[in-house]
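Labels A, B and C are assigned to the chains in the order they are written; within every chain, residues are numbered from 1.
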Amino acid sequence: MSSRETILQRLRNRTGGELTVPECDFSVLERPDWSTTERVERFEKMIESVHGEVHHCTEDSWMDRLAEILASRGARNLLVAKAHEIGQSLRSAGRNDLPELLIYDEPIESWQAHLFNEVDASITSTRGGIAETGSLILWPTVDEPRLMSLVAPVHIAILKATELYTTFHEAMKAQNWSSGMPTNALLISGPSKTADIEQTLAYGVHGPKELIVLIIE
Amino acid sequence: MSDPIKVYPSKPAKVYFYGTCLVDMFYPDAGVAGVELLEREGIQVLFPQNQTCCGQPAYTSGYHDEARAVAKAQLDLFPEDWPIVVPSGSCGGMMHKHYPALFKDTTDEVKAAGIAGRVWELTDFLLNVCHIKLEDLGEPTTVAMHTSCSARREMGVAEVGPKLLGQLKNVNLVEQVRPEECCGFGGTFAIRHPEISGAMVSEKVDALVETGTKQFVTTDCGCLVNIAGYAEKNHKPVEGQHILSFLWARTQGKGEQ
Amino acid sequence: MSETAEHTDHHIDVKQFHPRAQAAIHNPKIRKNFRSAMDGLMAKRKAAFEGWDLETLRDLGANVRLRALANLPDLLEQLEKKLTENGIRVHWAVDGDEACRIVRDICKARDARTVIKGKSMVSEEMELNHYLEEQGIEALESDLGEYIVQLAGETPSHIIMPAIHKNTGEISELMHEKTGTDLSNDVEYLTASARQQLRKKFMNADVGVSGVNFAVAETGTLCLVENEGNGRMTTTVPPCHIAVTGIEKVVPSMEDVSALLALLTRSATGQHITTYFNMISGPRKAEELDGPEEVHLVLVDNGRSSIYQDDELLDTLRCIRCGACMNHCPVYTRIGGHAYGTTYPGPIGKILMPHLIGLDEGRHLPSASSLCGACGEVCPVKIPIPDLLVRLRQESVDGDKLHPAKVRGHGAKRSAIEAMIWKGWAWMHASPGVYRLGTAAASKLRALQPASAGAWTNCRTAPKLAAKTLHQRMKERDQ
């Protein structure tokens, strides 16, 4: 008998009594239906408390803000998506106050060392966010691969204010995660950190040292 | 799944008094004080002479046949449907929380559950059933409350002691750091793991001394012998008594330091 | 290496609990480190749950876990089906040794030489690193706390904060000695150095091994919480990702995850959420540009199906590995994690380890508790830890007439002398007349009470017998 069969059989032939299946009432997770303004405020408060940085922008101003941010960090380049309108509009803007735009359009194996060592910043879209915990929802795709939001020391994310949910529960339901998940989805709630050295907080352990959110209102 | 909300009975005419073996042998004054306090509230107190021990020491040691045998001997002591008051969070907890499980699948299951439902820790009973109002006749003094783990977590009476002490206008109640941390008694734990227990009681005594108080009170004799015994052996300036002794003395004008 | 050979024996003797505990108690550094760390974690947890109806939330957590456990075999099959559809290969391991062999076989098939690891307590349980080293495969920890502990040749002392027993100075010296960093108490410098050292390892590792916090059956998703980003690195950069988990970690739906996630991070470290919450549902698709080409899940039993047999003991499997129990435990705070000598320390360790290693090996674990209940009070899934400890004590003395013992190693603590003492105690206390006589006699003879009475009087005076028992006083009052 295979290990699989052994284990399943042991579980099915258990010696105890019948196991009751309790009701699960998830209403304790609900929060009041905050307005967009309240959600933005809450999101900002939460993510700033863990060293995330928030900038309030409009569709017209975010690129200016982006340029300022990158200049202040001395970023030599910015990794952008190929097909997403963020990447498209950056490339077609033809601005001279932006650093070199790099496109993630090759399999990682062909340029891993470059990504790890030479890329200073990256910008990705988000699939909304969660106000209660100050979290961004990222849904990496062929166009915006996983490592885009992980490797470079500065990660900039575009969040639409209207796509902020109150809670994880709400986001999960509204976006119907139960119907299927991509290869890798994730929540990002701040820059990388650790408290493993005598509970002292330090940032930028393995992931980005800076997480900068441009909220488009 | 959550613990049911406590529903206090209305003040009865009579109660059974379950002294507990530690009170019986080491702090009978506390037991008598408890009786006096109840009687002063107009309640008739019955002390079944055949009571011995709730069975907890054997229970927590894993000797459940022996625990059951001793606990069984307590089950017929309370034939009337009166409340059973217990001057101990630990023994109260044993009867209230653990008797149903101990007697599950036995012929005493229903009787044990019935008794468990009638057990009340004595200070809780005084405050929330008798609605006692204490008049302080003593001199100004300072005291700290040590709430036992079982009083806190099994009987849910952490607020009771401080409330009763708070009624005494000349008593200054101070609170030690980490008041909810165990004193290290744990019954046979103190014997089986003496170093760990010693480390815990040492810190508890230091915390009490640090408040400046010279005395502490508690509902539990196990904690009492543990903390007071450590303080005495190590010449630390804090002494302890059962809260019932303290409350009775304060409201009888029996003198204070 | 033979299929059935045990690893080289480098085990700590779990039975030597007492001397280790004693040494820890008399070690001021351990006392100070753990006291301040636990105080901090307790305060953070409390603050994080402010504004919550915590009791209702814990009820939900308990119900979610119980619902999953009630359907465990079906859920595991559903999980396997979904994962397989998603392209994740599922393996089953009856015990830790088999799990190690499965990992080895996957590595060998890929000619893997280096494994980089995200934090996984199950991999510690399996002693995977040691096994892989014996197989000539380097296994490197990437979580900073685990990395530190690995440099020191130690095991984690806490399931969430592995290096909690070390202070900054010690870590600085350790990194200096093993990796050549400067001696420095600057935590940012030490962290940046570790980042640099480990990035190279991520880039070159052949296989990434991770744990799993929740395995979701409905979508075939493996969820992972972390703050550092090493979990993402481990599960994205190497071309092969192997996840290992206990069979009890499966839940039916993403909705269940919403409840457990709300409880897990707040209970563990007082965080409303960790920096990253990863949800992995498959290997790299053909058109994707990064991610592992192979993803495996190893489902590890290792004694869990035995726990599952018993209605009471089954509650042990609710655990979501938050560590709140040990953060609040007065015993753990005073002896630290290593004194237990087991993979999982603290209260969860005491109720879990006896099933993994037996009550004979773990003979001191169930009694090393005052049953204060602080653990049960904070457990996010309401495991009745003190009750389980009492049950394991009953098992340790070989059960009773109503409930025969069944846990592996039962009876290990039964001694003829103690059994006799309790029988005598029971006889006396079940006979009211004998009891009253005995206690009255003891009172009369109290002047003869010895001042010294074993372990108790090493640091306390003995309790003083009263002149008259309460029974006598009540009789006098005609009550």
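Convention: a contact is a pair of C-beta atoms (placed from the backbone, for glycine too) under 8 Å apart; a residue touches a chain by one contact, two chains touch by 3 or more.
Keep in mind it's a predicted model, so treat the numbers as computed, not measured.
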Central chain, going by Cα centroids? C
Relative to chain C, largest Cα-centroid distance belongs to chain B
Where chain A and chain C are represented by their mean Cα positions, the distance between them in whole Å: 30
Taking each chain's centre as the mean of its CA atoms, how far is chain A from chain B in angstrom? 53
Averaging over Cα atoms per chain, report the distance between chain B and chain C in Å. 33
Residue ranges of chain C touching at least 2 other chains are 56, 62-63
Contacts with two or more other chains, residues of chain B listed in rising order: 1
Multi-chain contacts in chain A, i.e. residues touching at least two other chains, fall at 22
Interface with chain C, chain A side, in the complex: residues 2-4, 6-8, 10-12, 14-17, 19-26, 28-29, 46, 50, 104-108, 112-113, 116, 132-135, 141-142, 145-147, 150, 167-169, 172-173, 177-178, 180-200, 202-208
Listed in rising order, the residues of chain C that touch chain A in the complex are 33, 37, 40, 52-53, 56-57, 60, 62-64, 66-67, 69-73, 76-77, 92-94, 98, 142-145, 148, 161-164, 166-168, 171, 187-188, 190-192, 194-195, 198-199, 202-203, 218-221, 227-230, 232-233, 235-237, 247, 253-259, 261-262, 269, 272-285, 287-291, 299, 301, 305-306, 308-311, 314
Listed in rising order, chain C residues that touch chain B in their complex are 18, 21-22, 25, 31, 55-56, 59, 62-63, 330-331, 334-335, 366-374, 376-377, 382, 387, 390, 392-397, 400-403, 413, 418-419, 422-423, 425-426, 428-432, 435-436, 439, 442-443, 454-466, 468-475, 477, 479
Hey, which residues of chain B end up touching chain C in the complex? 1-2, 17, 19, 21-29, 31-32, 35, 45-47, 49-53, 55, 57-70, 72-73, 101, 105-106, 149-150, 152-154, 180-182, 184-202, 225-226, 229-230, 232-234
